[in-house]
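Presented sequentially are two complexes of chain A, the first with chain B as partner and the second with chain C.
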Partner chain A sequence: MKLTKILMATSALTLSAGTAFAEAHSGESPVAGEPMADSMTLVSWGGAYQNSQQQAYVEPYLEMNPDVSVTWDERSAEAVANLRAMFEAGNVTWDLVDVVAADAIRLCDEGLAMEVDHDEILAPAPDGTDASDDFGDLIVSDCFIPQIAYSTTFGYRTDVEEWGGETPSDICAIFDLETFPGQRALERRPINNMEWALLCDGVPKDEIYDVLETEEGQQRAFDKLDTIKDQVTWWNAGADTPQLLADGEVVMGSTYNGRLFSLIVEQDQPVEMLWDAQVYDLDGWIIPADLPEERLNRVLDFLWFATDTQRLADQAAYISYGPARESSAPLVGEHAELGIDMAPHMPTNPDNASNTFVYNYEWWADYRDDLDAQFQAWLAQ
Partner chain B sequence: MSDVVDNPANAMKQDRSLLSFAVPLTALLGAILGFVGGQAVNQPLAGFIGGAIVGGAIAYVAGTVLADQRTTGRWAAVGVCAVIGLIAGGIAGIVSGILAGAVLGWVGYWLASGDYRRGVPPYSTSGQVLWHNTFLFICGLIFFFLIAPIMVIIPLSFNAENFFTFTPEMLSLDPEGYSLKHYRDFFNNSDWQLAMRNSLIIAPFATLIAVSLGTLAAIGLSQSDIPGRQAIMAILISPMIVPLIISATGMFFFYSALGNWLEANLGFSQELSGYIKVILAHGALGVPFVIITVTATLVGFDKSLTRASANLGAGPVRTFFKVQMPLILPGVISGGLFAFITSFDEVVVVLFVGAAAQKTLPWQMFIGLREQISPTILAVATILVCISIALLTTVELLRRRSEKMRGMSPG
Partner chain C sequence: MTDATASPDKVTGPTPDNAIRDAERESGPMLAADGTPLKKSLARAQRRQKMRALGLVAPLLIFILITFIIPIGQMLFRSVENQIVPDTLPRTVEAVESWDASSGEPPSQEVYSAMARDLVVAEGLKIHTRVGSRLNYEAAGLSSLFRQAGRDVDETGEPFLDAFEESNEAWEEGSTWVSLLTTEEYQSEIAEWQARSDEVGRSFDEPAVDVAYREGFEEALPRTTDMFSDFAYVIGSEDGESPLEEEPWPLVYLSLYEDLEANPEAIELFEGEQRALVEEAMAATEGMGPYDYRAFFEEIDEEWLEPDIWETLQVFSGPYTSGYFLSAADRELTPDGVERVPENERIYGTLFLRTMYMSLAITFSCILLGYPVAWLLANLPLRTANVLMILVLLPFWTSLLVRTSAWKVLLQNQGVINDLLVWLNIVGDGNRLALINNQTGTIVAMTHILLPFMILPLYSVMKTIPPSYLRAAKSLGATNWTAFWRVYFPQSVPGIGAGSILVFILAIGYYITPEIVGGEDGVFISNRIAYHISTSLNWGLAAALGSILLALVLALYWLYDRIVGIDNVKLGG
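Take a look at the complex of A and B:
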C-alpha cells in the first residue's frame, strides 16, 4: 500500500535529519487582506493531542493576530453526528473540525464538509513543492487536510507479578491468557479488534480483509475474541486506557500511541509499548460546508499557517505523532519540555514499524454499519 | 445508674453481662477492624486475632477499672491502637490505628456502661433495644452511602499524579504524593476559566427568569377561579417530568431557529444569541421548581390578608410586594436556589443548545471526563461542593434571621 511507503520514507528522512532549518517562511495566505471574523471555534479531541495543537500553532497564530480569539470544542469523537444535527438545524457553530480520515470521507460524501483545492489553500513546502505533492497520498479525500499519522497500539504494565518476568513481544499476547493473565482494555468497536483476532488465529496479514468479508471469517474473529471476552474492559475514549493502565485495572490495553507516549515518558508510569501489529491511521482538518465568507476567510488564514511545514514539525515536539508533510520530517527534533529525541517514539520509526498493519478504511466504509451492529450484539451476549 | 451499682446483686449481674455481652461484641468489632487493617500489610489472621484481643481488653477495662474515667479510657484506647498501628504499618498505620482506637473506645464504653439502652424506655425488651440500634445503624449507613462517594473525590483532588488513583505515596501520607497543581490548573487554564465565567453568567440570569415567571405563575394558579388550572400546571411542570434528553432535542431545533432569527433580524452576534438561547432554555428548566415550592408556601397563605390590604387602600401591586411577597419569600428563595442549581449542574441541554463559546462547568467536566481524564475535574468538583455547602448554609441562615426578625419561629 502506498500509505506505508510514504510513512516509511518519512521516517527514514527523520533519522537522517541533522540540519535544522531556519524558521521556514511560508508566505502569505491567499485570503490575506480580506475581511475576517475575529473568533474561531476549533473542534478537536482534548487531552495531549489538543494540547500539541494549541502549543504548536494556535498560540503562535494568536500571538500574530492578537485580536482573534479561539474557542475549543472537544467533540471530535461525535463530529459526524453533531455536524449532521447542526446542518439540519441550520446553525453550524464550528469553524474547523479535526477528524480521522474515515470520518472525513463520510462527511465529504454527505456534502457536510467543504471540498478544497489543496494547492490553493495550503502553503507549499519550503523548497517550492506543491502542497498536494508534499502531503502526497495522505490526502485521502477532497475535503481532508491531513495533519498527522498516528497508530493504535498496545501498552502493557511492566510490574505484573503473575507473568513471572515474561513480557509481551507480539500482538498475540493479547489472546494468550496463560502466559499473560489479567484484564485487557480493547476499544468498544469492531475496527482493529477483528483484524487482530484473525491475525492471531493464523490468517496471513494480506488476506485479513478477504477473510473478514465472509460470514465464516467474521464468526472466526468473534470466536477468537470470545476466548478473552471475560477478561476485557471495553474503552470508548482515548484517555480510558492510560487511566486504566495507571490504576493497574488492566495489565495491557490498546490506545493511540501518543496517549501511551504521554503515559510512559511524561507521566513516568511503569508501562511499555508493544508496537507489534500497530495500525496506522490519519487525522486532519475538515472545513464545514457553506461557512459565511468572513468566518471562512479566518479559517483559511489560520489553516495556511497551521499546516505549513514548520508548524507540523513543531507539533511533533509535543506528541509522538508523525507530521503528514514529507517536508516536515527532517525538522522533527526534540520534545519541547523533556528534551528527548522524538524520532524513536514515532510510530513510523523503523524499530517500531517492523510489523505494521494498514487499516483499510475503504473496506470499513462498506462493512462498518453491518459489523458495528454484529459487534454490539456480540458484546451484549 | 448509681442506684443500680449500689446494689451488690445488680453489680454482679452487670459484671456478668460485661463478660458475656460487651467484651465479646467489642472483641468481634476489633477483630473485623484488625482483619481489614491486617489485610493492608498482608497479615489478616494476625490482625484478626490481635484486633479481637485489643477490642475485648478495651471493653473489659471500660467496664471495670476505668468505668468512671471515660475520657481517660477512650484516649488510652486511641493511644494503644495508634502504637499497634505504628508497629504494623508506619505513618498510615498510626492514622488507621487512631481511627480504630477511637471507634473501639467509643463502642467499648457504649456497650459496657449500658448507654446503648439510653434511647429507649427502660422497660423495652432486648429485641426492641436491638431494633432501635439497628435502625440507627441503618440510618448511619444511608448517610454513609450518600456522603462517602462525594468525600472520596476530595483527597483525590490533591493527587500529585495525573490520574484518578490513590498512589502509594498518598496512602502512606507522604507530602510528596499531594499537590495543589490541579487547583492551579483550574485557575490558570483558559478553558476552565471560560467555563466558570459562563456558568456564573448563565445561572443567575436563568434563575432570575425562572423565579419571576415561576412566582407569578404559582400565584395565578393558586386562584381557584382559573379555568383549566390542572392542565396549565401540568404543562408548566412538564420540563421536570419529561426525560431531559427529549426536552433537549426539542430545544435544540427550537432554539436554533430562534437564534438564527435573532442573528438575521436583530443583528445579534453569534455569541450573544448563544447566551440568550442557553439562558432561556435553563430558565424554562428552572420554572417548575419555583412553581412547586411557591405553590407549597401559598397553601399556608391566608387569603383574607390581601382583602384586608385592599380594604386599607393598597393596590394589587403594593399588596403583592408588601404583604404577600414577604410571607412567601422562603418558598421563593428555595425555588430560586433549586433553579440556580439546576442551571449550574445542567449538562444535557447546554450541550444541545449551546455552542462551545457557552460551555459551562458541567460541560467542561463532562467533556473532560470523556476525552482527558484529568484530576482537575476533581479539583473543580471539590470547589463546587464547597460552594454548594456555603450557598445552602447562607440561605438557610438568612431565612432564619428574617423569620426571627419578623417574630416567626423557624420551621
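Take a look at the complex of A and C:
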C-alpha cells in the first residue's frame, strides 16, 4: 500500500511536473536570478532561540551570499503592535518576522502580513513531497510559514522534602496541594491555564473549548483555579519560571520546553520536565505585506533555503524545539555542544507527545479579550 | 484735587508727556525720522520684535507640534473613532438601521443581502477580518465569524451563475458583461489599461478605471451596476486585472436577475443579440428566486441568525463611538442604553483607584525618605555634600531594569531580606514575609526608583534657605522643633510641591516596575494600557484609558493649584 503510494507520487511528479522536480533538486529558489536587495532585517526573540536560527541557517546563507548583510531585531514579542505602527507610519523596516502562530493569524487578519503560496515559495521535501504536505496541519494561516513546534509544559524540582519522594506524573499535580504542596508558577494570562483547569476538573480533552465557551464553563475553570490561587506566582516572561525554579521560589511551574531543557541539561539544576497535557504551539515566519520587489526577492530567496528539510533539522541541534517539517524529524541529530541525542527532548517525539493538548488558535482569537478581562478581574479579587 | 487724582488727563500742571501733547496739538501726530507717525512706527517695531521672538522659538514649537502634540492627538482620537465599520460595511449599516432589535428575530433578507455584498467586496480587498477584529472587542466570537464568512461568501448566488452559464456559454466571459453594460469609450479605455497591465506584470500599480455605464443603466439596474463597479474596482486594484478577462462574482449574476425581476421593463435597454442573451438567461432562471440570503448565511454558520450579532452591528455602526470610553469605565453600550458590565469583568475602576492611591503612597514615602536626605545635603559642607549627592545620583544613572531586578533578589521569599530575618529569628522559616509580587513590592521598588526626583528639587530649594533664619528663630527663644516647623519647613514647601508633582505624575504612568514586582494586586492602569497597545491591539480602548488618565492628572493638577498654588512650586533658587 505504502509502496504504491510512493510509486504513484513519483510517477505523477515525473509526468506532470518535470520542471518543478528538477527545480526542487537543484535547490534553486523561485526568485533566483532576479534583482535582490543586499540587506535584510530579521526579527526574532533573542536569546538561545535566535542563536539557533543564526547557527542553523543565517550563517550558512551568508556564506553562500557573502555580499548580503543581515540585521537582527529582537522584538518578536511585540511584533504585532510594532508592525501595525510601522504600517501606519508608512515605513516598514522589517523584512521577515518570527512570530507565534496566534500572532501570525492576527497579522494576517489585519492585512499586515503577506499571504503566501506555500508550495510555490518553499522547497519541497527531499523525496519531492510538496511543502504544504510536508508542513501539513502546521500551516495554520495563509501568511504563516512554520519553523518549529514547541510546548508549554511544567517543570518541577526533584528535591522537595514535603513531597516525601513522590514526583508529579500528570498535569493535575498542579491542583493537588496535598501531595505536592508548595508555590506554583503559572502564566499571567487565561490561555493554557483555563484549559488545564477544566481538564483537571474532569472535562474530556475534546470538549474543553465547547465548555469554555459557556459562562458556566468559564466559572468552572475559575473555581478550579481558585483552589490554588494563593499558592501561585504569576509570570509574564518565559525566563521567569526557570529563574523561580532555580531559586527555589516555586516547586513547579509552566514555561516553554526549550527553557526547561536549558535549565535541566545545560545548567544542571535539580529539575525535571513533566510531559503531560503540554500545550502544543507553533512558531514561524511571516513576511510583512507590500514589501518592495527587491527586498521581497531577497526574503524569498532566504526563506527557500532557511526552511528546507535539512536546515530545520539543523536548528534542532541548538535548541530542543521540534522542526515543523515531517521530513526533518529523522534528520534530527545531537546537541551541537553537549553531544547528547536531541530527539528525546523534542516536543514532537512520540514518547513525549503521548498526551498533548492542541491549542485552538481560532477560538482564542475570538475569546481572548473577553476572558482576559475576566481573568484580570479574577486576579485582582 | 479729587479730579486730578481720578484722571491724569485732567491734570492742569506739567506732566512728563506734556511735550508730546504740545507737539500733537501744534503739528498733528508726532512723526518718526522717516515721516511715519511715531505710534505706528513703535507698533511696527514691536511687532517685528515679537515676530523675531516667535521666529526664535518656532523650530522648537514646530518640533513639539509635529512630534508630540499631533501624534498624541491622533492617538487620543482613536478613542472615539469607529470609521472602519461604516467604511467596510456601508450597505449593511444602512440596511440594519431599520431593523427592530427588540423583536428577537433575525433581520430581513435585505440586511443579509447587504451583508453578503459588503463582505464580498471586503473579502476581495482583504479587509473583512479587520472589521471582524474591531467588532470582536464588543462581542466575542465575531472575529472568527467574519473570517469564516470571508472564505465562503463569494459563493453567494452561485446557482444563478450556474443557470446563466448553462443558458449560454457567453456568460462565462467577462467581456460579455463589459459589452453588455458599459459605454464604448470605457471599453476601449479598459482594453488599453489591460494591455499596459499585461506588459508591466507583477509591479503594475495604475489605479483601476471607473466603470462608465450606458445611459439609463444605472437607474434601471441599480444592483447590477453597483456590484459590477465594485467587482471591477476590486480585481483592478488587487490583482491588476480588468473585468474583460475575469468572470464576475456570482452576486453580479444574481443582481441582474433581481434587477430584472423588480423592473421587467429594464429589458428594453438591451438590443439585438444582447437582448436575446439576457432573455435566455431570465428564462433559465425563471422561478428560481427570490434568493434566500439568510439561508446562505445560516449554512456558513448558524450564529449569523443570532439577533445579538446584528444588535452589536447596529449599536456600533456610526463613524464615532463612545464604546471605548464606556469600556474604560467598566460599562457597555447595549440597545437598551448604557449598562455596567458583569461584576466578574470589572477591572478598570479598581485599577484607576489603585493607581491613584498607590501613587499617593509612593509620593508620601518619597517625601518621608527624601526630606531628611535633602536637608542633610543642603546643610553639610560642600565637599561632603557632593559625595552624598553622587550617591543619590548613582542609582539614577543605573538602568531601571537592573534596579528593579535587584529588588527582586532582595525581596523574594528566599531572598536576602527574608533570609536575614529568618537568621535573626524574627520570623520563622515557615512564614517568610511576602514582600514582592504584591503592593508592598511595588511601593518599595518605585519609591527607590523615584526618590531622586524628590530629593533634587527639595535640595535646590533648601539650598536657598539662609541658615541664619533658623539661628535668628532660636536666638528669639524658639525650640529646635518650633524653629524648624515655623521657620524652616514653610520655606521648603515649594520644594515638596515640585517633588511631589514630579514623583506623582511619573508614578501614575509607570508600568515596567509594577509589571515585574507587582504580582497581581500591585499592577497599575498603565499595565493595562500597555497590554491593549501591544497584546490585544485594542488601540481604541488604550486611547480611551490614556485619555482618562490624562484628564485625571490634569484635574489633580488643577486641584493642587487651587489648594497649594502653582506659584509655590520651585525647582530651584
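In this section, the second predicted complex is superposed on the first by the 355 of 381 C-alpha atoms of A that agree within 3 Å, B and C clash if a C-alpha of one lies under 4 Å from a C-alpha of the other, contacts with A are read in each partner's own complex, and residues count from 1 in each chain.
FYI, a contact is a pair of C-beta atoms (placed from the backbone, for glycine too) under 8 Å apart; a residue touches a chain by one contact, two chains touch by 3 or more.
Worth saying up front: this structure is predicted, and the values here are computed from it rather than measured.
Visitor: Now for A:E63: first (chain B), second (chain C), both, or neither, which partner does it touch?
Guide: Touch status of A:E63: no partner.
Visitor: Determine, under the contact definition given at the top, whether A:T233 touches first (chain B), second (chain C), both, or neither.
Guide: Only chain C is touched by A:T233; chain B is not.
Visitor: Between chain B (first) and chain C (second), which does A:D247 come into contact with in this model arrangement: first, second, both, or neither?
Guide: both
Visitor: Which partner does A:E216 contact after superposing on A: first (chain B), second (chain C), both, neither?
Guide: neither
Visitor: Could you look at A:D372 and tell me whether it touches chain B, chain C, both or neither (first, second, both, neither)?
Guide: Second partner only, chain C.
Visitor: Report for A:W45: first if it touches chain B alone, second if chain C alone, otherwise both or neither.
Guide: The first partner, chain B, only.
Visitor: Contact-wise, after the overlay, does A:D127 reach chain B, chain C, both or neither (first, second, both, neither)?
Guide: A:D127 contacts neither chain B nor chain C.
Visitor: Would you check which partner chain A:Q267 touches, where first means chain B only, second means chain C only, and both and neither mean what they say?
Guide: A:Q267 sits against chain B, while chain C stays out of touch.
Visitor: Which chain A residues lie in the overlap of the chain B contact set and the chain C contact set?
Guide: The answer is residues 236, 247 of chain A.
Visitor: Considering only the defined contacts, which chain A positions touch chain B in the complex?
Guide: Chain A residues touching chain B: 39, 41, 43, 45-48, 50, 71-75, 77, 85, 88-91, 93-94, 236-240, 242-243, 246-247, 267.
Visitor: Of all residues in chain C, which touch chain A in the complex?
Guide: Within the complex, chain C touches chain A at residues 126-127, 129-130, 132-133, 136-137, 140-144, 147, 202-203, 344-347, 350-351, 412-414, 437, 515-516, 519-521, 528, 531, 533-538.
Visitor: What does chain B use to touch chain A in their complex?
Guide: On the chain B side, the touching residues are 161-165, 191, 194, 252-253, 256-257, 259-260, 270-271, 274, 355-357, 359, 367-368, 370-373.
Visitor: Would you pull the chain A residues touching chain C in the complex into a rising list?
Guide: 78, 80-81, 84, 106, 108-111, 115, 183, 188, 222, 233-234, 236, 247-249, 293, 362-363, 365-370, 372-374, 376-380
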